[in-house]
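Two complexes are shown next, each including subunit A; its partner changes from subunit B in the first to subunit C in the second.
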Partner chain A sequence: MAFSTRVSQPVDMTQASRGSTFQYKSLWRRRLGAFWSSWANRLGFVVALLVVALALFPQELLPFDPTGINLAAAKQPGFWAGNTEHVLGTDFLGRDLLSRTIHATRLTLIISITAVTIAAFLGLALGMAAGFFGGFADEVISWMVDVQLAFPVIALALAIIAMVGGNIYGLILVLAVTSWASMARVARAQTLGAKNELYVDAAESIGVPTRRILIRHLLPNVLSPLLAVITYQISLLVLTESALSFLGLGVAPPQVTWGGMIGDGRNYIYDAWWTAAVPGIMIAILVFAFNFVGDGLRDAFDPTAWTKKA
Partner chain B sequence: MGEYFLRRLVRIALVWLGISLITFFLLRLTGDPARNVLGELATQEAVEQYRRQEGLDRPLPEQYLKFVSGAIVGDFGRSLRYQQPILPIILERLPATLELAAASLFISFAVGVPLGIIAALKKDKAIDFFARGLVLLAQGIPNFFLAILLILLFGVTLRWLPTGGRGTLQHLILPALVLSFILLPLTVRVTRAAILDVMNQNYVRMARAKGMRENSILLNHMVRNASLPILTILGVQAASLLGGSIVTETVFSWPGVGRLIVSAIIARDFPLVQASVLIIASAVVVVNFIVDILYGVLDPRITAG
Partner chain C sequence: MDQKGVAALHRRGKSFRKTKPLSCLCLLSFVPTRVLWTRTTRSDTEKEEIVKKTLFLLALTAIMILALGCAPVAAPPPSAAQPTAAPAQATQAPAQATEAPQPTTAPPAAAKDALVIAQTVDPPNLDPFNTTAPYMSVFAQICEPLMYWDSDADGNAVIKPRLATEWNWVDDTTLEFKLREGVQFSNGEPFNAESAKFSLEQLFAAFNYSQWLADLLKEVQVVDDNTVRVVLNKPAGYLTSVMAMGSFQVEPKDFAARGVDAFNQSPVCTGPWTLQEHVKDSHITLAANPNYWGGTPKFKTITYRIIPDDAARVAALEAGEIDIAPNIPHSAADRIASNSALELVSIPSLRQFGTHFDVDNPKAEPLKDARVRLALNLAIDRETMCKQLFSGRCTPMQGQFLSKFHSGFNPDLEIYPYDPERAKELLAEAGYPDGFEVDYTYTVGRYPLDKQAGEAMAAYLRAIGLTVNESAVDFPEWARQFDAKPRQTTALYTVGFLFAQDGYLANLSYVPGKRFRTSVMPAGFDEAMEKAGQVANEAERIKLIQEAEAATNAEPFAVYLYSIDDLYGVQDWVEGFAPRPDQTIRLTDMGVTPK
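Our next item is the complex of A and B:
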């Protein structure tokens, strides 16, 4: 408005009179605004937060011991049958499903998020190196990505676990191995796109060291689209981990994840369907929430998305 | 076309070499392969004998060359559990896996492509919301959990379909349906996006302006151009399809390669695990190669560039 009043020629004031003043907002605020403007994103974000809160739930406050066996109370249905003691019912060993589900949230999330973090570092480093340096480095790294993506995730994970043995560290390693390649792909494409921008040329011409260009100038450009990929990968790895646990190749008891709970409940679906259904629904909720957030982030970071809406 | 074909062939061969390298080192990941194979309780003499017998005392590059040249002619060594060459064991299970994969592929495309097209044409109408809801649902539910639900509903409660095994068409329905949920959501999503993308292109407007019938526009202009991204799914998702078949086969007691891998792992039959993983990954590479070639056929611009 301040600008238009200084123009001496007659101007179309309809825009201004509607009150559409130009207000400067930083890139991140515009992105956050775009993200928050969709109800699906808001819902996904809140539910994802709730899942994280469930993982942080203090274990001492659980109504029952999540590993406490009570055969006298085995296979009790939950609230739908009027059970007020075990609200979500009990499994074949009489363990309280509500306590057990909350208890398992922590390990389920820790495994996936740790694996994604490792994979993101690995993918970022390799992808950015491939995109920035090109040439032989690019050939080799792109070849590694192609080879990795040709392996069926479950098959490779099963084979590695069979050799390494199923413990948490092995599982995290396996999941990280199956996940780095898609991150590297995104990081490479983003770096390729950004490295010919003027600000990179400018930085190079005043003698900024390569390491600093990579970290200060290119990394922010790579990181934002990668955020959406990371969110998708968390839900993907929760699914993969649960499939491995379901096949009996996840963490060893008494440790438990949602996938392992479904595996436990699988043999009792005829007379106690809830033992598989409760953790199954939890996984579905988590995947929905993280996918919503991922979709929202992808749109918010896509520069064409918010300029179209604005 | 010839040069494009050759370039893809070289690339595919390189990827396959990488795959063979990784499967080769899988057995050597945690130290002594002979010890891994025979177990902790085997005597030192037995380990030594196995090492000599399998050539494990030779230098690593030589072992790898032997492994690769064997794999190319179909010699994957012997299974510990079955005490016979591995190739026939896998070949015996392969038709079951291919049957399952083909059936689920058919369901994904026969349902997913039309649904994606309709959702795009009727954007923001009820059918579009249905399609998008289905995509979300299919992406969120763990595959094996869906399998359990379907077994419970159609196998146990309604008693319409068998809950496991292979034989008749009825046996195929549930596992194929479950496995199709891996490809289906992406098929719907990509088809919808691709049709939305081409819908406002100039050649579509041109066709409409010159009075071409809507159905012909849809088939000749929109679907043909949208077919490339749809084809890409097949290449990208071939790995998840075959990986998913491991879980699906296990849940439905489907006698395929996937179930073979799981039982081989439980029996610690490492040579069999190694060979199965190599064969499955090779299948993914072959599918990708076919997709690349189809690409060239469908879009002449790719082979020219």
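Our next item is the complex of A and C:
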């Protein structure tokens, strides 16, 4: 274990019999330790950080204007053909693909992360309400979740975008609507499991208000598995966003996302494959990274999985 | 003006239908894999059961795919398919339907006598007085006009005779036609002055021609058996131009007997082929007309296969199922050109692309200044756009509204130079040294590479200091904005308009009160157009249109962009296919024969 060398906590006497090298660590530390112990998780985390760094990259420092065209330099291949000026080549309007890909990272991430945040709040609130109050509220919310999960994402997206219009807000709305249901499910299941615990009964019996029970006693139980779902959902939403942009339902130019870049590049797949391949590889990298992170978090926060490992 | 928008909608609807067999396969194959994956330990009998079920489902899938995939072509149920057989072939048509020889299975060595043409849109009927290009591509084989537009060796638009042998203006309002002798309709009735009078009256009453011909006809006179006179209310020298677009001749007795709707389903005319069957959304088959005045046609059958999807059409062409395919997407052009069994045929289209102005839009104030409009024209590098975006299969507009294929094109004018510096100076002179903000709309998926071209256009405008708010919309949305009352288009929008080959008729859409007049027209344009509408002398008329073009050069009323080549894919054994700028396929005019 990566953290085991740092000896700073007092020894937990109850577990001392398991081996003298075992050090007591807080729950969060144990979880993070479990997460960090896997090379896939570490790799995913570092790559995800790099992608976020790309999104924060100052736009003024880009080698070329990401939206400025230069038709005379259209469809140039990149470094594989010895191009040192445009390292990743240029697209069909002569825009530098390196600058454009970095530029598009920001919007791609903003859209998916905003959507996931909205969906998480929505799913958390509805899921916890369903799990805690049960009865009629549970039935209605569970029914909504089932309908949402059964409904084809693209069909729903088409309908919403037809109403809102193909702009960034419409896109965020669509993505939030498509991903709240799985969050609500997790939140409901966790709340159901935790609400019968003795400490919740105890809190209720001494007259702690419902709001406080939900926030202080149940929310911590829900949050950690939800974190794993959120990470998964980010990568899923990047994919959904690219599918929508590919269909021409994404953001309006000159704004651009990776999905939009692939959609634009598909016409040139025979004569300038890199216009679609570069953003495509970026999406693949991002999805892998976030999936590794999500997978690692899920394992780390799953008490049974953790005990087995330890 | 633009019936292809409907076609685009149509096309979109159909591509979904095509995915049905595929999705069935996915769904069905999902079932057995679920069974296998969800349990890890099972007995031999259970395994056997699973294998049996899997095989059964696979067989079922195969049957369903076959049924779904072949249903519309191989075994059309008579009630649903509605074959509309021409009366002459009424008795034998249904029997031939399923036995029609497939051209693809014919040995390549044998002389080909069947031609298969891909059709992008299924015409609802074959009304000979419709002007929609893809519809005309079908009925122009069945019906023949009095005269038609063609190109001479230099590519200039000229009118050639077909069922009329000659015509001349008797006076300013009387046009006399000499008709071809010895012509009979496919049902044996003679073609003469009486039938021509009937067809001409239909033409002047037709909705599709009403924009040019409404309230123009006084009467049609029968002079003798082979001479008719069209007498007009007022001079209209452009009449021959309109008639060359489609003065198709129909058989009056059959028309009266069956009524207009039934007649339009299977018109009886003088053309080299007659309708054999029309199966909705599947195919249209034409059979050679043994009574044809020009001799027995080289092809015994012409089959139109309705393939709206671009990729499917190209694939069918490459597989040899199709002999002539229109609307080849530009992205597939190089692939077809390098295929030794195929020939890529291209022609500069009459469809002129332009970025048009809506000066009634409150945000379009700067565009009312002619200097600003000229600046925008100088900011665009048309030649590089043609070369880089369309691989050179594109012609930049030559500093005027009309393209080279229109009569009245002014050859003295030149392509606006690409001069962003001069454009900035002009903007500064007009009082916008720092540019201005403008909303700009372009279509997506309507024209070849329309989105890419729109993005390039926006970038060019940004380069001279404008703040451009782009919006990419689909064509129906643009059409809705354009036809809304009041109009809702943005200050700038790029579309391609396909106007008549006659420059006067093309410009006519921009005279006061017309639907397309959304910009400030240059001084002299209206005057020249008004005079041109009144002269009967063709040379004088063309000179006036050229004057109007010179005016649109000095004070542009739009950003004239380019016309993109229409691309056709043709099998190597087909000889004589010459595409037409009006996007119709007319086999007789082209002289298409087997090699």
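Methods note: the second predicted complex is superposed on the first by the 289 of 310 C-alpha atoms of A that agree within 3 Å, B and C clash if a C-alpha of one lies under 4 Å from a C-alpha of the other, contacts with A are read in each partner's own complex, and residues count from 1 in each chain.
The definition used in the following text is that a contact is a pair of C-beta atoms (placed from the backbone, for glycine too) under 8 Å apart; a residue touches a chain by one contact, two chains touch by 3 or more.
Not measured: the values here are computed from a predicted model.
J.: For A:Asp146, using the defined touch cut-off, is the partner it touches subunit B, subunit C, both, or neither? Pick first, second, both or neither.
T.: first
J.: Using the touch criterion from the header, give the chain among subunit B and subunit C with more contacted residues in subunit A.
T.: Result: the larger residue contact count on subunit A belongs to B.
J.: Going by the contact rule set out at the top, does A:Tyr270 touch subunit B (first), subunit C (second), both, or neither?
T.: Touch status of A:Tyr270: both partners.
J.: Pick one for A:Ala284: touches subunit B only (first), subunit C only (second), both, or neither.
T.: A:Ala284 contacts subunit B only, not subunit C.
J.: Contact-wise, after the overlay, does A:Pro58 reach subunit B, subunit C, both or neither (first, second, both, neither)?
T.: neither
J.: Name the contact category of A:Ala72: first (subunit B only), second (subunit C only), both, or neither.
T.: second
J.: Check whether A:Ala162 is in contact with subunit B, with subunit C, with both or with neither, and answer first, second, both or neither.
T.: Only subunit B; A:Ala162 stays clear of subunit C.
J.: Touch test for A:Phe92: subunit B only (first), subunit C only (second), both, or neither?
T.: second
J.: Taking the two structures together, which residues of subunit A meet both subunit B and subunit C?
T.: 248, 270
J.: Name, in rising order, each residue of subunit C that touches subunit A in their complex.
T.: Residue positions touching the partner: 331, 334-335, 381, 384-385, 387-389, 444-445, 449, 451-452, 454-456, 458-460, 462-463, 470-472, 474.
J.: Where on subunit A does subunit C make contact in their complex?
T.: My answer: residues 67-69, 71-72, 74-75, 92-94, 166, 248, 252-254, 264, 267-268, 270-271.
J.: Write out the stretch or stretches of subunit A touching subunit B in their complex.
T.: 143-144, 146-147, 149-156, 158-164, 239, 242-243, 246-249, 259, 262, 266, 269-270, 273, 276-277, 280, 283-285, 287-288, 291
J.: If we count contacts the way the header does, which residues on subunit B are in touch with subunit A in the complex?
T.: 11, 14-15, 18-19, 22-23, 26-27, 29-30, 36, 136, 139-145, 148-149, 151-152, 156, 236, 239-240, 242-244, 246-247, 250, 261-262, 265-266, 268, 270, 273-274, 276-277, 280-281, 284-285, 288
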